[in-house]
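Going by the order they are written in, the chains are A, B, C and D; count residues from 1 in each one.
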Amino acid sequence: MYKQGKYPIVSKKALAKGVFDIEIYCPHIAKEARAGQFAQVAAEGFFLRRPISICDIDKNKGTIRLVFEVRGHGTDKLSELNKDCLIDIIAPLGNGFKVLEKGKKAICIGGGIGTPPMVGIAKEYGENATVISGFRNASAVILQEDFKAIGADTILCTDDGSAGIHGFVTDAFKAELNKEKPDIVYACGPMVMLKNITKICEENGIYCQVSLEQRMACGVGACLVCVCRTVKDGQEFNSHVCKDGPVFDSKEVLFHE
Amino acid sequence: MYKQGKYPIVSKKALAKGVFDIEIYCPHIAKEARAGQFAQVAAEGFFLRRPISICDIDKNKGTIRLVFEVRGHGTDKLSELNKDCLIDIIAPLGNGFKVLEKGKKAICIGGGIGTPPMVGIAKEYGENATVISGFRNASAVILQEDFKAIGADTILCTDDGSAGIHGFVTDAFKAELNKEKPDIVYACGPMVMLKNITKICEENGIYCQVSLEQRMACGVGACLVCVCRTVKDGQEFNSHVCKDGPVFDSKEVLFHE
Amino acid sequence: MNRINVNFCGVEFKNPVIPASGTFGYGREYEQFYPLSKLGGISVKGTTLHRREGNPGPRVAETPSGMLNSVGLQNGGVDKFINYELPNLVTKDTRIIANIAGSTVEECAELAEKLNGTAVDMIELNISCPNVKQGGAAFGTDCNVAGAVTRAVKDVTEKPLMVKLSPNVTSITDIARSVEANGADAVSLINTLLGMRIDIKTRRPILKNNVGGLSGPAVFPVAVRMVWQVANAVKIPVMGMGGIATWEDAIEMMLAGAGAVQVGAAIFADPYAPVKIAEGMQRFCEENGIANISEIVGTVKPW
Amino acid sequence: MNRINVNFCGVEFKNPVIPASGTFGYGREYEQFYPLSKLGGISVKGTTLHRREGNPGPRVAETPSGMLNSVGLQNGGVDKFINYELPNLVTKDTRIIANIAGSTVEECAELAEKLNGTAVDMIELNISCPNVKQGGAAFGTDCNVAGAVTRAVKDVTEKPLMVKLSPNVTSITDIARSVEANGADAVSLINTLLGMRIDIKTRRPILKNNVGGLSGPAVFPVAVRMVWQVANAVKIPVMGMGGIATWEDAIEMMLAGAGAVQVGAAIFADPYAPVKIAEGMQRFCEENGIANISEIVGTVKPW
């Protein structure tokens, strides 16, 4: 069941310049939410809601965490919300990541602001998770302590080498595969990154799920604006990121360009 | 010179249910403002500014006071502004009341939310002012202590007699005239009240100024939307409340209906 | 006591609030928020003869107090609607308006014919979609074509026929009169206004279709004006829409002449909007001693 | 270095930002906020042959992200403009665009003739005012009439002639082509969209004129679309307006094809809007290595 309501923000932190982490008390949502789902967040003064991934869920505390970057006017408005303010969200939305049975190994790959949803899914695997995340530079790095606290192998890359490994997540991913092949790969980030990871997984015969982005209106599957091209049984067709996704089997996604 | 800016609210009070009194620190505006002028106030999320009379000016403190009633969505939004918030205003606008030389006597008449601008003008006359103000009932009464503090004769009327005299300000006004004729009358309130006061003043040969309302856009005289019908030397024509007013010689106003 | 039930064009609606075509799918998603029986009816997603994939994405762009869409009538085709969606919808205790769009006059008629004998309560013939190349707005911007397609559908349908008009015209009253003269039982308006947004960083239109249809509160004053003009130009009932977001808006639209209203984009901001609007209207009637909301339709007194 | 000076239709503007006709009077009021020399130019309040009182009030109604106005061309007449306003304006070091409107073709021509020999830099022929009964929109919604009035004015004026188009038409490109064919040196668009608001308490239209012209950010996507369509349909330059409130909006409008822009209703919300927009454009050019803003005009790459 989708829920819509105004819920209190119980904590707010700045994780990096222009990147905020808010924890929202919404027990009914937290109870049902799964890693990889998202929320449609209302920004005062703006007509459309902003889709933001659920970064983490604390079912005991009844909270979810949203981590977002200020990209435009709407997210800028959201960044003005502080502790104790109410935030208007619809959640949990979308399908979320598929979680394999206990003991299986996962690699979770996040690029930039695609990193937050990796917190929730890495948690499902704990020490069996390897998290590879990449950022422009040291000052954009976020959530590394969260991954460590989960017990995951935590590999950090930066484009300019100012923190962690100098290079792209795809390079680190290939290096990991040389060591051990996981049972599943999860990825969220820029399209070109997802495309490359998909290719690598295909070449290595690894099941991979990617989380896509598209501009949205309803967020629930009714308006059909959030289209993406997919393929199944050789048949190309339009899927909708909000309802059929945001998580797709990487093989079903048609990456053009 | 018109000024536009965001100025801090230094105090906020509720004067009655849905009626708020805010004091704004804006020394440049306070320095130039005169009784009867108004401010164009921005309400977040609304396209047009709301015209609100300057209730009182404290040139020493560098503040002006705005007293407004929640009438619709915009004033409702304004009522959310608290102490230390910034308020975006353009002021001082309009012509203000004409002030006679020292020693002259004035009667200031306010009806409902037309009462606030009487504070500033009554102050100019101090003990030589008589303020007659009328309200629906006791719970709507505002600003009586301000008038008393000024030293003005303070006459309160309510439509239902729940406070002060039972009756309309026009009745109290007539009663006052029987005692003593003032040199000038100032009035602000509903059109029918202004019309009746104008008539009484005409019959008694007393100079009278009325403050009018009209829906506005620019507030400075450029867009010509805030029209009112006026007459001068027998010639009818359109004036503009924001620039030619809001204060008009009562004889020049064409009250229709 | 229900004070907001209306008879629109011979069909009884328990209230005059109907989610607009294309904004509510077939109700499946919003049923997770509230039972569909709370709605006067549902105007379902535009249906074409065959399955349509619609336009490529992005299909939405935000605008001040509104949005552009360029969905382009993606849908599963009329057979899927009849066989898969309709059986579900009929169990929901609400009126069903089938919104149909064809690329040719013949297609429109064929669509309408297919819906004969089904549980659909009313046909809404969309001659105003700005997002498809054939049919759509091309039908809705020319009096003769609009009349001809209306006539063709009227000749074959057994359902009350409502024709949905485009606002992107010089004279919407001329089009309304033409569809009335050709047998329309009602008109609905407005469909979206054609608009465009450009990403100044990439220097490309935000919509892959370059242009799209504007809806939401931004268009409300245009919609009120057109509903008022059309209601004064034709005798058939008018279903009003375009930017309605609150019950006050809905009352305003009915004062202008709408016998019932549709609510579209506002649902994206607040899924409960249609329900809140209906509740607000009921309260309005109670507080103002209005026995039935129909009393206010078209009662605005112009100056 | 000034990177935002533009040559529009042979006239040099120090920047492409011009307050829109009817929203800035003759500059006297806004001069209290900043020197008028900061502006590219001023399109002055619409001038008629004789003094006009305009429509009764209320003349304004707020709408979501916009407003309706029904001023109805109140002005002191062309002689007053020439004798009283123009002598003041010429001292302000900015371009002066005279916006003229007549009830007949002859009146339009007479108005233009009167402006020959004056310091006016350009004529903006308003064939799109929705708030007057004669002329106005009646001229702007018919290709033949629009062409005829353009021709009549072009035949007598010695100034560059810009024709201001109405958005309340089925095909604005047809009108644009017609005025181009009849000698227009430029077109400006959009004028206001016809709209209405009703007070649900009094059940009367808020505007005494019942209907009025919609402007402000709400109409921006419609304006961008029309500027884009028109810029692709004619060879003469296009002055873009409708809902511009920020420098980003102005850039978007120029990408769509506008060689210069006018800013209207946004000034009521922020008197400094035109100045801030010009400053933002200059910064945009500097930060993006654009030598002159003209380079971006019409460079949107459609999909």
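Annotations for the structure displayed:
Criterion: a residue touches a chain if its C-beta (ideal position, glycine included) is under 8 Å from a C-beta of that chain, and two chains touch if they have at least 3 such contacts.
Here the structure is a predicted model, which is why all the values come from computation and not from measurement.
The chains that touch chain B as well as chain D do not exist here; no chain meets both. Steps from chain B to chain C, taking the shortest chain of touch contacts, total 2.
Each chain's centre was taken as the mean of its CA atoms, and the one lying most distant from chain D is A. Should one ask which of A-C and A-B has more C-beta pairs in contact, the pair is A-C.
Computed from the mean C-alpha positions, the centre of chain A lies at a distance of 36 Å from the centre of chain C.
Chain A and chain D have CA centres that are 47 Å apart.
Per-chain CA centroids place chain C at a distance of 34 Å from chain D. Look at where the CA atoms of chain A average out and do the same for chain B: the two points lie 56 Å apart. For chain D, the set of residues that touch two or more other chains comprises 61, 63-66, 216-217. Along chain B, no residue makes contact with two or more other chains.
Under the stated contact rule, the graph of chain-to-chain touches is a ring, a single cycle where every chain has exactly two partners.
Remark: the chains found to touch one another pair up as A-B, A-C, B-D, C-D.
Against chain B, in their complex, chain A makes its touches with residues 44-45. The part of chain C that touches chain D in the complex is made up of residues 61, 63-66, 68, 141, 168-170, 193-198, 200, 203-205, 208-211, 214, 216-222, 224-225, 228, 243, 248, 251-252, 255-256, 296, 299-303. Residues of chain B touching chain D in their complex: 1-2, 4, 42, 46-49, 74, 90, 214-229, 237-238, 243.
Across the complex, chain C meets chain A through its residues 22-25, 28-30, 32-33, 45, 53-54, 56-67, 69, 71, 74, 206, 216-217, 265, 267-272.
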